[in-house]
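Before I ask anything, let me first share the structure, which is written out below as structure tokens.
The first chain written gets the first letter, and so on, giving A, B, C and D; residue counts start at 1 in each chain.
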């Protein structure tokens, strides 16, 4: 019930400050007897890791997962899986200045208002570094989901819009091979080879100018059954909205492929049959749920990130004592923090859906 | 933890199907000794009630709240407040046909997929009628919040966009007197006298054509302290996102006053001082939170509703047995369901904020 | 998470003060599609109801259950079942005096200390009347358990000790037919025909003398599978302990058939095989769990109730203003409140076990 | 909600198998800005640690706490405190045999029944080693409680009965100095210098005979305010009962100082005034609560442990394949596991009470 736990039956509790001893998580409620290939978890962490290209922050951490519990002989025990990731590249003297003032756009002031005491080093608990724990847990959730549902579940995402440039108008046009396979050429999850050079040029310009941009990401989950989600407050899309809005810098979330749902004809996904007489829909404007419960169509949605708050441009903040101060940021920062967010979005989606699957099994499943 | 409960310390559990005996809720965790004027709760219900104007459904229910528990001598006991609202205008034979097929855009099919058994009458549990319980509980939450914070908390909302027509470009331009005081002239929460005739014309056209439109609503809460919200998963905005996406027909939510946050310069709300040396911000693009915790600025956001699914236009659904069927809707329906949603949005906001206030007091308060 | 809710996946929230409008509950997380015979629920309530014999309080309420939601066409919908029981025999002027002082042994003072405001009429929320809601919910849980496990689950209890008289030394000697079938002759759940006259004599003497006695009840649940319960905090017996200690006037709980477990050889339930090669144990001193998880043996335990606090004997209390006062109790009271507790114990056991079954199915079940 | 988390606002999640990488916990909901002296936490762990005297198991672990997060500059941050304790003395080949059979009295069979996969080494998750995490967390809770209540809170316990020998008849007669200060002479928490030699003789005899005994422990918490606890399911004593019954080998729990509450006159704690006109009671048979809410008197109770299941005596178990097997236990075992339980009981009491204090502050506190 406290704020660092996510989920109902599959529950992730994360811990850790950016420059403390370690960050990590405890994943409880894991079904037993599921084979876990730890390299899959490590691979997910490697995808999220900073320092992979020149458009994201230069801080390099190895981010090696260290399993403390819950696995035995390569399989889940059904007991809590605790994992830690050591903070090895702390350089916390970089951050000594941060102790004395509140940066605009960051949690410095609100943490101070709430707690009266904060770990100022690199954002402390508010650092995006905390999301590494989510990525590891999401990789577990993905494995659990596929094992218990006995089928592949495809969860993927791309960047749809960078700043004010929307790379595609129709999500059908996303070049998923380009997004997923060409990570060397396309390290930023751009959905379209034509847009990529424009985006890279934009990022270079932002770096040069000491500015930043936001971005919109699109996500999809394929292969889920109909019937997941709860009718009222814990609608599947309500829990997805919470999951996404809980990611650092996210400020908007929509189900389906547009934020402009009020003009879209989303009420009108009509029903039909596939050739094999299974149930189908003529469109999926609702993003895969009706009345909060999955339809069996892909779960789809958009997540919008605000621009990185810290840039080289001087901005007005306040000191701890309430004196105005012009803040020059000299640290390591991304022109667009959203470009590293794809694994985080996919992880939160996997956690949400897997939790709802277990909830469904508890209430409605066969024994 | 089950899907019909909202909140952590202030917890609302709702119950009831549209055409069952009653709908209602249990509000637990209420602070004791708070004077409650029941007419304020009833007024909130009256605002939500159908049948108030020709643009919303003609079903008329009295929606009289009946308190079962938790109040004594006009004050809260600290024990659960249970209230019920009888379903008096049931006319459920109107709905006999619905037993045999799945309407597109409704929960008929997904309820069937999840539960294998459903109350088909008027949407059953998926009916917007369930939101009456939220409105009553939100009115309690508003009173609790003001009493415990010892100050007025202004929570208000308006319709910003109807279908593809955006009445205002800047939320500073909202004519709140027109929205709140002129409810006879402006029963649909339009923010601007100039836009109103155009909207009314549009609604008439939609009714005539048997079509429907979505809408975007804007909300604000003024008077809240800095420091509310949890840093990680239970960010104040994450819980608001869940609260809003859990409302029937909502498909998108944004903090601040635009969905286009990735292009907006939301990273850059700079800090300054008021004349009395209290902390201030030069803008509020973030919608009143930083790192998930309130800044003391107004909490603001947008919620987008999809168009009403049921209209007079025939649409393709399926029978329970999986046969295609053309569905003519003859029941009572709104051309834009979002026009009745203002009290619901305000209620969910009050519940979310009040819960976070109590959570703050538990963890961080003075005794 | 607030104190009026019990369970994790099958969740009961109760509400109501003794002399308010009604008491009742919301049971959420109910599996769908389960046929419910409401007369079974009403029968359970009738068993608990006061006024059935001269040894229990004379207050007579009809205690008719009124289902508000969650059932349709005789089956569970999977949505919350809300039920209310009207308070019809309120006579609250009987209780006017209670407004001014704190009775010893009751919650008057502690409610005042916690809430600063209380419904003094008949104990308000602390009244044993609240347990009617548990009994109704437990009857649902019993039906759910049998339906989902597809086998009969026998849950039963008796009074083992009244005051200082222990009717039986060995729970094998309980005459269950006498307990369950001979309710006219044996309205107090005595386990042994020989002890009954002695107990009746004792109760008459207590009434005459204006005194009261406690009692110990023994419970059993047969037919449950091995594997229910969680290893650490939510051990099956830990949740049973909480369930039982949460019943009014309960002050001790033991698993197995003795409180003297430290001298008993409970560590030594050895394992063997039945003739059909299924697993068996040579004894069940542990009360049906090992390491908090069910063994498949019967779940057994003891619950001890303190004597009724209110009797005709004058006792020393305090006024609301902190002045000593001698309190004569003139209301309607039982010489032994525990004699009405059998349905409540059985209900709490059914709720606990059913919840753990659904939890097991969520985490460990087949889909 | 999953079984490895305890508490509502102050929440402890534990993890770890006896012979895995580490055991530990995450304590969330901690109030901010509280100075923490880590040596106090380590001291608590040292008290629980095996190998301190010849009557407890010879396994020696250093049990050094390693804080991962949540503390900064010697104070709590308000963020989750994660701590790990490495498993250094694993000797897991001692346990190879355990892989093939189910020991009677242990969780081997029930874990198998639930999970189908278990870490057999030293009991895995069911090992008493898990309780080290509770002890560390309880030490934090004790500090938090004293800091937020701004007064000393005395929490202490002793062994009252060993096997069938009850050292004292009246808890007023406990020689607390002997229990707490003379730990060299009295390493087993005996409440009475006269009883000690007899107990030591008994333990020696048990070791020699390859047998074991249970024990009953008595606990007290002094200094708590009236008003803690919830009226219905989450009564303070109900949560204490759950906390205690969740400790390995505990099989009974009573509030007050006797299990024989049904014969005791516990209903009759009368009220009076202290000389300074503060509220007092003439006795405390109820163990410090009325109607589930604290009275301001000491919280007192008894906890009974079953005898250690593993001794040198051969007992009948089953192999994984369901074949009978005579099990000789050659490992390291205590004749009375309860003798090490005092820090665990005190820790669970501190956690329960501190959680209820924060809950009280959330619902009923001043801001």
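As a working rule, contacts are C-beta pairs under 8 Å (C-beta built on N, C-alpha and C of every residue); 3 or more make two chains touch, one makes a residue touch a chain.
As the structure is a computational prediction, the values presented were derived from the model and not from experiment.
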item	value
Given chain B and chain D, the chains that contact each of them	A, C
Furthest chain, CA centroid comparison against chain D	B
Pair exhibiting more inter-chain C-beta contacts, A-C or A-B	A-B
Inter-chain centre distance, chain A versus chain D - centres from mean C-alpha coordinates, in Å	39
Centre-to-centre distance between chain C and chain A (centres being mean Cα positions), rounded to whole Å	46
Length of the line joining the C-alpha centres of chain A and chain B, rounded to whole Å	27
Touching two or more other chains - residues of chain B	1-5, 8-9, 14, 29, 32, 78-79, 114-116, 125, 231, 359, 363-364
Complex contact set, residues of chain C against chain D	1-6, 8, 14, 102, 104-107, 109-111, 113-116, 125-126, 130, 161-164, 212-216, 225-235, 237-246, 248-249, 251-256, 259-273, 277, 279, 281-282, 285-287, 289-296, 304-309, 315-318, 322, 324, 338, 359-360, 363-364
Residue ranges of chain A touching chain D (in the complex, touch as defined)	1-5, 8-9, 11, 13-17, 20-24, 26, 28-29, 32-33, 66-70, 72-73, 75-82, 84, 114-119, 124-125
Sites on chain B touched by chain D in the complex	1, 9, 29-32, 78-79, 148-149, 231, 358-359, 361-367
